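Submitted below is the structure of interest, expressed as structure tokens.
Order as written gives the chain letters A, B, C and D; numbering starts at 1 within each chain.
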């Protein structure tokens, strides 16, 4: 679960990490009030609250000099999608005087499976870009979770990166607090980018990213509260109903079971000349409801010309898949798109019988099925 | 021969009375696995269709000389179940459970560094040494006895590729589903040395995924240390970067773990990479000629 | 702090380790009642509660068939010293049917400084004896305190020692409970010897030893309660007043500062033909009170013929030592024994001045001083 | 040269405003030690006789480029103080405090295995490189600059033996009081390699004690790896077995750590053992001839 910037900043603030003065706004009225209270009549920054990176370059961060301008920009931002993601709210913040920008983040190292601390003397750009373009400006420390992050290791990184000695204490302090949040909130990623040194020498989290492990949400009922502020998001809604869905934008609508199989099918559709419309994995639980939800979602995508149901069952039983598919199909009164079905694995013969009884041809060979689905879009 | 499990495997089923546990215990037994005990806290002394139930893994292990365990336990209790099995000294622990918090898995990983137990999974279909023992939820008709070792990060592709190999006459020594989570008990880099040392394995198939650095490290290991033929397949050529596709392990981050970096690593190690699942068997047939 | 057997057994019982039925008795009346309630009229075991090992061989454990016999033995035991240690109380226990005897203990390994588990298939004798006479009957496991004792390591020891498989579960259980007590009570040693397998197949702690780290007593106010049952013990009393004292039994009474120096002085007195009367280290805090306590204690020892005060000061300042010694000496109205004084180190000249002013000769050379003290007892 | 401390040592005094801390801070400064800061929680910004006080070790280290710390802190807070100094990356930490719980010291020992800090003590008189730096409570008139390294488990004998050597013209490179506790930050076996590698140390004196296995292990290490002359002295020939004499470290247990076993180990390693403190200097003079 990714938190919005303003939600992450609330948690940062609760843990004594400085953030700019700001107010999150959902209405024009709130925006007007915020201009007065946050900006004290001076310039303010308006930031789209959206769950995707790189919003600055996409025009999601703007500044306003007057109330009228602030309200206009608010309306504009709320109406925009950023990289396809809807804007939930707009965070209005005071304009910070920036002397220097840094990057600090903690995530899980993919090689040692221990927390890894990343610090950079160049904030404000994506850490991937820093790593690629100026690796010497990025310091890393993989830590023993038993002992947390020793201060002297943080100091070593600060020294190696040539960051001003005057920042050693406050930066060490911020890192220790971030690690505490990382552990307490079961985070997979916590990041401040940029962490700015203000003109009066304080360190302020100008942005805030906090991703929580979905598997650990049951330990954090306090985060459930935050969900009510999430804007309607098709992916999140579907995920909660057992359908793992990502829109990609092609003409062959996929419904598969298993992440690997879904990706392999997408690759195969591509390779055989089609364009997959989506990643859609229903393996979390196959029943008439989830199948109908998947069918409705996929069949309503723009530009879709065929539907491909592809599963190889182990835990998933093919007779249940067939029954669910038929029930969903019938409940929807049929769909006007051609559906190609490929089932293999546990109880496949029973699945074939059910499909046949209901008038569906069924493949067992994956390649024949993908070929058929791609042929249908030509 | 084979790796980790075979006909000498004496299996405990943790959570045998649950919905998934009971279904798959029956299936595993039908498929020839020697299930010696079930474990369900508070149900010690009861019986599941002729299989004695114990309250703890330790009791089950002692009473039945069990050496392996498979877990069908809800995510909230799964890491405790794994730690219990490690504590009891179970040699091979398979955890099917999807949804274990990643910070708990990091803790388990720390513990595993100091213990001899193998943890396969979590969030995987299990493992099978065909015609000897199945510790998992896979349909056995996809597999048969033979000399190809398979390790995969994807449950669904395990069947797809295993079945293609089987139909082409290439049976398997052992098929290991490593699981789809970001932090797993066992990675390719851990399992490859076992296949390399198993005389019954003549070729090894690795089914990878985007995300993480396991494929890159393993390719380098194989280049340096291994002599058997290896074949790789990797789903995700069409995945947009920085987008989560089902598995937490498939997050592409920090410029590592991309489709391209993994393909490059395999190629540099001289490991052929199949373009489609079907090509795995074509390459394998060619290499084993 | 060493606990009495009955105190340790209370803690064991609270932690679900089986101990024999028993009652601790301070009076003849209690002994009579215990014979009835514990033994139900049958044979009982009477055990001297004393803080020293090997009490069985010294006659400290007896059995009684009748009330009269029990009361007689009680009186006899209470009047005896065991290896010089006074008997605090008598523990009356039911007689256990013993099928097998084992040893289990946990202490701190002197090489790795981690807890070490010891299990033996031969209980009932001192673990040192087992280690010397049948090392193959003693299994050891040095544990990583991060993970406690894994069950499989306990099982490995049980297997290697050839202990019956039927005991694997209960013995593992006892070990885990002992380790829990070891940690929770800041123990330096916890031991069951013998741990007996009763005729009905249960494991019972027939004896119990629990030594608590004195430095950690501030964390365990509950153990303060137990101290009130300690019999008057000169060593313990003196230790609390800052005088570390052990009676050894010779003719030269030592008062020194520092454990190493005290032992070296004892060795030197021995080597030069005297016999040290005691280990007496006042370095915990030198003032007129502790000095007087040490002087009173040492000068009243049987057979004492001279007193040797020997200190080399770092933290201890020699002017303070001199002042304290003189104050104590004067407060006691002088002592009829010759005192040899050797001071060296911090502020020694000021110390010499004070001693001289009060009519005491003072050595700075250790060997001359020891020679003098030994000459005085010839 | 010397080991661990010298004129480049920039010392923090933890607990500088306490009774012992203030007394010994003054003494150490008089004795030529470069004390750069004091640390007292809650007293940051204050001053102790011209020495700036900070609230934390980290602040003091950063502000004053400190590389060593000495602690005069009550037993209840001493292990937290040690961990704070380790966290700050202090290279040499001396803890004078007597009375730290042994379970806390075991935890610190685990931490030290993964860190580069040296902990000297606890329950020791500290250490001195004569005429360069004193991190301790010893009277300096017992010592002078020279080429004998001394490591001891007994504070009181450190003076006695150091003074005898000094008067015999044998000054010291560094004198290290290891401390009397059962679990210490640094043992003979840790310190001997430093002396062995220090060109300024020509001979090493070890003052041992009964209890523990350090002398036995160190004797074996010296036999196998060292070439300088070593001299040992061991108090306790007249101690009755299984009797605690002051130090927890002097408990004789499990047939190990007796006077006899240590003497035997030294002799087998060809290390001469002095019978009395005074003999140490006689043997040293002979060996350095």
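Simple rule for what comes next: contacts are C-beta pairs under 8 Å (C-beta built on N, C-alpha and C of every residue); 3 or more make two chains touch, one makes a residue touch a chain.
Computed from a prediction, not measured in an experiment: that's the story for all the values here.
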Treat touching chains as neighbours and tell me the shortest step distance from chain B to chain D.
2
Would you kindly tell me how far, in whole Å, the mean C-alpha position of chain B lies from that of chain A?
28
Averaging C-alpha coordinates per chain, one finds the centres of chain B and chain C separated by a number of Å equal to 55
Averaged over CA atoms, how far is the centre of chain A from the centre of chain C? Could you give it in whole Å?
64
Contacts with 2+ other chains: residues of chain D
none
Residues of chain A that touch at least two other chains are 146
Considering only which chains touch which, how would you classify the arrangement: line, ring, star, complete or other?
ring
Touching pairs of chains, which are they?
A-B, A-D, B-C, C-D
With touch defined as at the start, can you tell me which chain B residues reach chain C in the complex?
58-59, 62, 86-89, 111, 114-115
Chain A partner contacts - residues on chain B that touch it in the complex:
20, 75-76, 98-107, 109-110, 125, 136-139, 141-142, 152-160, 163, 180, 182-183, 207, 209-214, 217, 235-240, 242-248, 250, 253-257, 275-278
Can you name the residues of chain A that touch chain B in the complex?
53, 107-108, 110-111, 113-115, 127-128, 131-132, 145-146, 183, 186, 188, 213-216, 218-219, 244, 246, 248, 256-264, 266-271, 276, 279, 281, 283-284, 311-315, 344-346, 366-367
Going by the contact rule at the top, pick out the chain C residues touching chain B in the complex.
144, 147, 150-153, 155-156, 165, 168-169, 172
